[in-house]
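There are structures below to look over.
Next come two complexes, and both contain subunit A; in the first it sits with subunit B, in the second with subunit C.
So, the complex of A and B:
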């Protein structure tokens, strides 16, 4: 096999890790709260700015900056739920979309106002590894490994703890969990916090690879939604797998043509699939 | 003696539609009490109001003298009331054991999870065999057993059962009613809604007849079995 193709495939797998992490967060929130956080990628953007300022501006050690960003974005997730989602929880889905969509524009404009449209980089240069003449970015390798660890941790949490079991139960029967002593509102806060923490973790991984600017959410936000719909909205395992399918299409498409065109391939694949399997790749 | 569960002039509504009109009932400690009545009488509504899924509009409600009216559902469980809902309502994609674990969500039940699980598996050996299976893939009877077991996991004092025999084969219906005996033998107080009037009157001490959201008649099981109105309208005799 062509060595460059192999390299593209490997990079595709590595890229899939972070996308899978974000798809998990979005699907978790949708599955439990029944709300789509249109602004999810822009919450990641906030995390990236937090890391940039903490590390590059105020010289906080990188691991600590990462930790603060994750906790801070988890808190932001809880605030988003309390102030934006909770008030519209019982209204029509379109109002909920407008609320989180409004937050997207708010975050982008606010970031532009505060930080300008400059591209900023935290300036951490990680080496490029050469393994048997294949070049792999070390940052991507870390991102992939950490994303995988994050996903496994989430799985164990959902599978082994009382709260985790309640989170899975609530998406199957919203009304009846109360009879088990589960406070729905508390579960929603926990889930929003986890969703935020996953966005914060993704922000750490992306900050190592990309510049941050107010509109960076637009570059991967649509891809994450596409992944979630492809895997079946709310289906966490489906979204996880779909992330790797899409990232492969982008990576291999990029190898044969250009990066821009590879996104066109991915969206074309998505649209065609939606005609064949409108409820997602893994719908029964 | 203060009753285990006591309702006084309780009213409830869905929006502007009133479903319960001043319902009063008492259940003594260790007693089994039935609620019978036609479709749409408000039996399920009554259960939902007691367990707090549906807020009460008016009246008072207490367990062992402690007021529970107005508490949200997740707080009512902590007071010792468990509700086996109409149509079982298991979490179909969770395993049997995960359903039971959710049943033990409240802190006091978590602390004695292993002990409760042993007890419940002893009551329902079938569930132990199926512990890893998704609950939704079991037979109707097994699912009903699982729903009852899930409620028992919180170690309640009062068990509310809403039509536990609905949709089950006659032999399974028999098992469900036998279970009421066994649950009482364990010291629980039972309030059970049933359409199977004949059979429920064999297992309860007393019963109430609910019609259009109000108690129309009440008495001991023997009295109601002998009541000509009940015999004609509800037992087809």
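So, the complex of A and C:
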């Protein structure tokens, strides 16, 4: 096999890990609360800023900065639910979309106001692995591993715990589950917290690979939304696999044609799939 | 109801007050020239040099106003607009400046992607667009523009500098015949990046070097690792990169992580001119990279410029640092300042004195009269606009870029050879993490 093609495929898999982690939280929230957080990538941006200031400005040790960011963004997720989502929960879907879209612009503008438009970097340089002339980014390898562990942990949590069972039940029938003694509002808060924590976790891994600026969310937002829809909105396993499908189309398509065209291939694949399987690649 | 004398008096007094207020405002406006300034003050272009350009423009306007205004008589009032790094917003904001703010002259524009539609719009509405920063040749090429002017360099000149540098130094510095040198041209896919890459390709081929890869990408792409792999596969010795800030940092980071090695990287201004920001991320890794751009005025020898320009540059640098808190002054500050300075000092006084006002027709005629010899502006080049009915009508025919090279905070001019301040380091020294 062409060694460069192999390198492109490996890079595609690692990119898939980053995208899968981002899609995980968005899918969980949609699956349970039935509201699409268009602003999800911008909540990740908040986490990246938190890590930058804690680590690079206030010299908090990196693991502690990561922990604080995850907890902080989990809290932000709960606040978003309480103040933005809950009031429009019974409204038309378009109103919910506009509410989270409004939050997206608010977060971008607020970050610009607070931090300016500069690109900031935490300045952590992780080693590079070299295996038989193929180079692998350690930061991306970590992201890939964490995405896998995160997906498995979430799966176990949803399957093996009482709250997880309640979350799955509510995602199947939100009307009936209340009659079974499940407090829907509490579950919504738990899910928003977990979704936020996953955004915080993604922020930790992205901060190792990307500069943070108020508009970093625009880089990932459209792609992760496409991945979630492709995998079946709310279908966590579907979203996880779709992330790798899209990342491989981008990597291999880019290798054989051009970087620009690879995204055309990915979006064309998405559009065609929407005609064939409108509910997503892995919908039942 | 019959009008009483008291009511009539009250009404008359109020009307007189309003008329008097309006007359005073009209008088104040008559003494003020309102100029729209448009830059990306938010969004990804802001930190890529747009804010620095806007600060340069502000300083030029402040300095002119402190000396009494244009020709010492007419104060300049800037009406600011933020194009938010979005083309549609740029168009809407210019429409607002023209139709609501009633300005006849618009100064600024950072992104070439915005400059192309804005030039067409201003030309159609017969308003002056004075471009300070955007470089794409496509803005002017074969458009026969009458109301759009740019003293700034154009993207074809990046290619000239790139090809010129390689043909001059390949044999002497690399020990390679130009035909054996392989170059990869990568660029963001807007008019700026595409224009620079197209010019690079033409002039690289003229210089006889091999173009082994030419590829564009979206500046918002989340991943460029496949592009890095393709450059490795191409075996390029030299890379020319036209990009903005987020994509440049992503590319350089992934290039290091994927083991990309080369003999030299040439940036084409934009993100590569924001050296303090790049150094904050990459430290000494970016030492000795070349950057093609109009020169930051403070790097030039004031003795080679017209009298008084040395002091002007010093003032600009001091004010930029005071306004922004920056330790370095990027070329974009000089671009915003220089072009606006030419407008306020070489065009508008002539428009008023010779052509009777500050309306677009008078300004257009005055612009075509401008004849500043080389050494007559803070960026070293002269100004003479190509006249209508020529292929680059409205573009400055005397603008020139330079090739710069940095080592830490020290930046040197290394090409053209006749004005260089240092012999170029070429290829990258072995100590560089990117050195082939």
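Annotations for the structure displayed:
The criterion applied here is as follows: the second predicted complex is superposed on the first by the 278 of 284 C-alpha atoms of A that agree within 3 Å, B and C clash if a C-alpha of one lies under 4 Å from a C-alpha of the other, contacts with A are read in each partner's own complex, and residues count from 1 in each chain.
Quick note on the criterion: a contact is a pair of C-beta atoms (placed from the backbone, for glycine too) under 8 Å apart; a residue touches a chain by one contact, two chains touch by 3 or more.
The structure presented is a predicted model; accordingly, all values stated were derived computationally and were not measured.
In the superposition on chain A, no contact is made by A:192 with either subunit B or subunit C. Judged by the touch definition given at the top, the superposed model places A:248 against neither subunit B nor subunit C. Of the two partner chains placed by the overlay, neither subunit B nor subunit C lies in contact with A:27. Judged by the touch definition given at the top, the superposed model places A:263 against subunit C, while subunit B stays out of reach.
Once the two structures are superposed, subunit B and subunit C can be ranked by residues of subunit A touched, with C on top.
Within the superposed three-chain model, A:235 lies out of touch with both subunit B and subunit C [touch as defined at top]. With both structures placed on the common chain, the touch criterion links A:96 to neither subunit B nor subunit C.
Shared interface residues of subunit A, touching subunit B in one complex and subunit C in the other, do not exist. If you check the complex, the residues on subunit C that touch subunit A are 41-44, 46-47, 51, 85, 189, 215-218, 220-227, 229-230, 232-233, 245-246, 249-250, 253-254, 256-259, 277, 280-281.
Only residues 4, 7-8, 11-12, 14-15, 18-19, 109, 112, 116-121, 123, 128, 130, 133, 135-140, 209-211, 213-216, 218-220, 223, 247, 250-251, 254-255, 258-260, 262-263 of subunit A touch subunit C when the two sit together in their complex. Residues of subunit B that touch subunit A in their complex: 51-53, 72-74, 77-78, 82-83, 85, 89, 91-94, 98, 101-106, 109-110, 150-151, 154. Residues of subunit A touching subunit B in their complex: 162, 165-166, 168-169, 172-173, 175-184.
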